[in-house]
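By written order: A, B, C, D and E. Residues from 1 in each chain.
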């Protein structure tokens, strides 16, 4: 998380695409809909799409699942006149959510959240809105736009009756809403950590807290700009010709969703920042407990040891003096000492108890 | 508090209403007033209301107490031309206070505070202001708008002589003002916690502090936007045709009330954030007290044990040397040792006292 | 401080005045001045004042000292056409400083600071500026506007030659400047607390710190808005007909005074927030001192006790072996042991001293 | 620093000057320059200056070093038509940096930093820019504007060829730049404190940290507004007739200098706020060191004391049983015990060493 | 880092250049390109450049590597009409990133990051954009602009086909992107420090944390303004004649890069601010471990020592009483005592184990 793939680009001219090797080829899917008709070819081809777009009728949606290779990006750039910096941003995969307006297109980058291997992963989700078409590129294995294609296959949905801008909105809504279950899973893991800390603070707690802090930090940094993106889209409704005025309440609703996401993140932040306090307080409580018990035992025996020490003195060997430890010569001397010892123990225990150090319900 | 019911909606098209099962049916109450007349039917019916509203005379108020089912929301939507996103927001129950302006309506969401089972609960209070009517929907069991209906039944109140916008204001004022007693109850519980912490920090204190922190966090997050809602209403007075210019001082007054609520919340925040300090300091004071007492006892006896150890040595068995522990053979040897022991004890106690570790008024 | 008298108003219509019982009746004083003449009746009467104001000549100032009863407020409201919300605000006594502009009046609320019973008290000071008159209402026993009446009695002061807006300014200046001695007294008490904490942290320190924190919190919350009030007045000079352009430098000067108040408050805040650090560090220093002294004593005697233990062993009883504690049979055995003991003590003390644990100038 | 001389002014009408007694009389110096000529009279007189200013040719600069008495201020006020509030501000000496624009003048207050008696002192530096003249008043003993007079005496400097506004800038530049060596001296003292804390945290450290904190606090509060003053001057270039457009890059440069001052202050703030951490950590490290050493000694001897205790038991007196401490009757009993003791000591030391508690390079 | 070279300039007139001695002479390199032609003389001369610029054709780029001496700066100033404040800024080397617009030029200061001797170094990188030329001055030994000269030597790059503003952008892009590998190296060193702290907190950790804090502080303060510089350039595209509208997407892209840099810095800040927590917690864990082990040993032996003390008492010498320590006379007395001692040890160990203080996997 502390690293960046920027480091390897320093010195290259801006807008340069790099040849990347070894990734799985991306999967393309194309949908075109217009009035009542829906066209979804088995094999999505870019020249096909270019023709559909050139007709200026209906909406064409190209979805690319997986990281597109250099050649595909270059072809996209040429066919749909996409700025080289957009292509570089798509390839770099380290973008924060943002909105760039170009003369012919609107370029939106979002962060799609996923829970994988006990950690949150954020993947770049690119959206290009042009006149009558949307291109979405999701650099991840799992395709989660299937639900939209299903909705499109139903003829009477709102999706079918609106333009490309509504499709853009629907895709953004999908990406934003997928953050909720991921955040909840993260929230649950934080709550479990908190409970573990209160119960018994172990060695692994510190790294776990640090890790939760960083994940949260990462999430906040990646998701906060989403809000700005949507609020700029709302303001853009007025003068961006690609966006229809009718979209405004939907974008406002989406904005509310992102506020909700931020609220969750803020809540987690407060919880996570409290974890360290709980940990330290728990560690300190535990130490106190140990120290208290041990010290009580020590203190109990120290006066007793003194008593035995007294009668371990050798004054009794002096037979000439009646003052020389007469207790040693008493008939019941030894049992009396035991009585004294027992009395001291009981006295100390009562004193401890009155002070609430032992046998007290409170801590 | 860390959860959201958003997680279950991901993938659904926006504006979709869900069929919820098992809730108690909502209670509807309808009031229509105009000049001197007041009409309040036993049985509130939506077609009735639609006719009253269509007359363009007087003010019609529909209050729905309890969560409306899907069918009712759909009927409302159709009869009064309410945007599907508003209906979805009403159903979702997780909205923060907000203000949405639609061409025909103003939609206000507030959070109504309630104290229940030793905890603060916030319930969504929805308000729809249209031309000549107000629809208020409160997704909770207890109806707290009765006081307004009583005021309406008195013919010469300000409420009767003003329009629907004043009724909207009166409802908002009611919801905002109901926060005060709830906040005071919360404030009292925080103060009690603080006193408990100073007196004796127990094990349960940590979760109690965390819980107070979270409640406050929740309250702040839910109530802060109220301020924004009202300030937007004040600005809206100028160009929103549904709001009258005369309403401005009343809204300003309401704004002052929300500032007051925020002030209370900020005060509580400072108090709550100080609780952890008090707790840690209290725990540490308590440990110090234990350590001090115990260490004093130990230290007192350690030199005494040394003295008894000296005379427990067996040098006295050596009869040939006058240097071999002659003290053991003294006539008053044993009593002298006791005098030494007592002198050491008194000396140590005086030393402790001079340092202020025992018998000192201060800590 | 955590409470509010708002809680008892929930449900009442806005602008409602409550009948309050038991307070001392307020004292009214009326002054009217115009060119060279000054009229100050023994008995201030509202109908008198209404006539003076209706003449549209000179400036009329009504000061009400003490909380006005409901009847008086209602009479004021009727005679000078004051909005019911203003009257409610005057009665509520829990307002923060604010500025409300009404068509015929400007309503200013300030907080007058007073030092009473070792604590800061803030009282609501209400000011109503109308065409040619000022009404000031101070809900407290002690009248502190006497100094202004004295200045008015001198004919050639700036006060006599300016309008009602300058009188408003003079009253505000009076209220703001009275905060300085109060803040200094508070500052002194904080400094004394700090010195006490450094010297000897006692049990009462924690509540004292908390109390200073809260007082400061309260002061900041009540005095901050003053700045906003005055800056709005400065901006209001341009378009509010009741305020003259000539007033601007005076208001700027008053603004500087409030900045000064805020600066003092910020300085106190930094000091107060450092108190907890000093307290904890002081407590910890004190514990360290105790632990150190006690541990040194213990450590000193433990090796000695071991030595005496060695020669308390009964091997010497074995007469058959020359290896059986021959030391016991040495002629100078016992004095040698004492030499050993003394050598160990001196060695330990030197070691402690070299480490700087005893007899060290630092610490 | 917690006090203010405001407290003694409460109740006085604004713009009142007080008769102050006992200060040394201020020193006045007058310079007038125009084209090639420079006039610098031995004895600066205000009527002289008034005539020079009335000529509307060249630039006249009056510098007053030391606090001007009431009479002088009043004469200044009359001759150059200065607002009474400006005079009051000059006399009060507690102003923060600020800029007041009056119809005929621009009034600038800066804070001149000086290092005196191991502490930073800030003195009010007043600047009045009028048509063709600058009056600078510095309420301190030491005159530091001599360097400017020297530059003026050289005929071909930029200072001589520009107007009064450039002289104002040159004076401000002088005051701002004099902050750098003072801040560096302060920075050095903070660094020394930090080093002292790391080496050995003594009792005086706490007050020293608090004092550094307060000095910094004071500096920040007094120097921050300088930035605002200069940025307002830059904006004022456009519409303030007393300022020439050509001055803009010079003011921008001065603004960069204040940014630099702020940067230094922010850096110091971070360092100072870290001092408390270092102190606490150092105190705690020192306590740990003491506790560790002492506890090791105690622990080492406790098992040994047990061993000697065993053979101090009197079972050996029982001659009838072969089980009665036969060790006491062994030929090599006593040396074996010493071997046991030495073995235990070595074992414990090895254990301590393996755990890294003794003889370890690390702590 | 706490120092500044400003301190030595106080009192000098603004725009004064100082004669600096001893630095290596700067290396100049000149490139001029126009349509297809590229001219790169062996020996860069300023009069040459002046002629090329005067032709108003193509782009001329002068790069000065190393700190230019006073004479060179003055010559530059005269030939290209550069404001003396710009020259002073170039010489001072302590500037934060900034943008100054002059009538004929745009002056940009950036901070170039370099990793040297285990520390981050920031060097001032000056850029002057004039009509048809760019002058870049980098006050460091190592020339890192070579990559750009290489790109220029290729005829068909975007660099060759754009104007001087694109060259400015390319240089800024180069400087900003060089921050990434430096930041990564710093991030790695912070991560290593964190790991070291968790493993074993040693004495050197505190200074290392402080040093990381300061480096970060320094980086943030120097790099933050870069963002502002670029955002001002973007806004400047509209009305600054030296910048072309076509540059906007490139500057936006560069702005994204700086956001990325800031993100990394914020991430490091969170990590670094957590280091102190980890250190303190680690120190405290280590102390707890020591205290626990040692206290367990002590506690184990104290009751045993009491037992031996009991039988070290001399009551057994009393032959007349059957109550006088009959245990001493038992046949198996001594072995029984050993059994008792062993039983107590086992009991204590079991008790410790049950409490989880020994042999527990958890801490």
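Note that a contact is a pair of C-beta atoms (placed from the backbone, for glycine too) under 8 Å apart; a residue touches a chain by one contact, two chains touch by 3 or more.
Since the model is a prediction, treat every value here as computed from it, not as a measurement.
Considering every other chain in turn, the ones in contact with both chain C and chain E prove to be D. Steps from chain B to chain C, taking the shortest chain of touch contacts, total 1. Work out the mean CA point of chain A and of chain D, and you get 42 Å between them. Mean C-alpha position of chain D lies 26 Å from that of chain E. Touching two or more other chains at once are residues 291, 295, 298, 302, 305, 309, 312-314, 317, 325 of chain B. Here chain B touches chain A in the complex through residues 1-4, 6-7, 9-11, 13-15, 83, 85, 88-89, 94-96, 98, 100, 102, 200-203, 206-207, 210, 213-214, 217-218, 221, 276, 279-280, 283, 287, 290-291, 293-295, 297-298, 301-302, 304-305, 308-309, 311-314, 316-317, 325, 328-335, 337, going by the rule given at the top. On the side of chain D, the complex with chain E involves touching residues 147, 151, 157-159, 170, 173-174, 177-178, 180-181, 183-184, 187-188, 190-191, 194, 198, 249-250, 252-254, 256-257, 259-260, 263-264, 266-268, 270-271, 274, 277-278, 281-282, 284-285, 288, 291-292, 295-296, 298-299, 302-303, 305-306, 309-310, 312-315, 317-318, 320-321, 323-325, 355, 357, 362-363.
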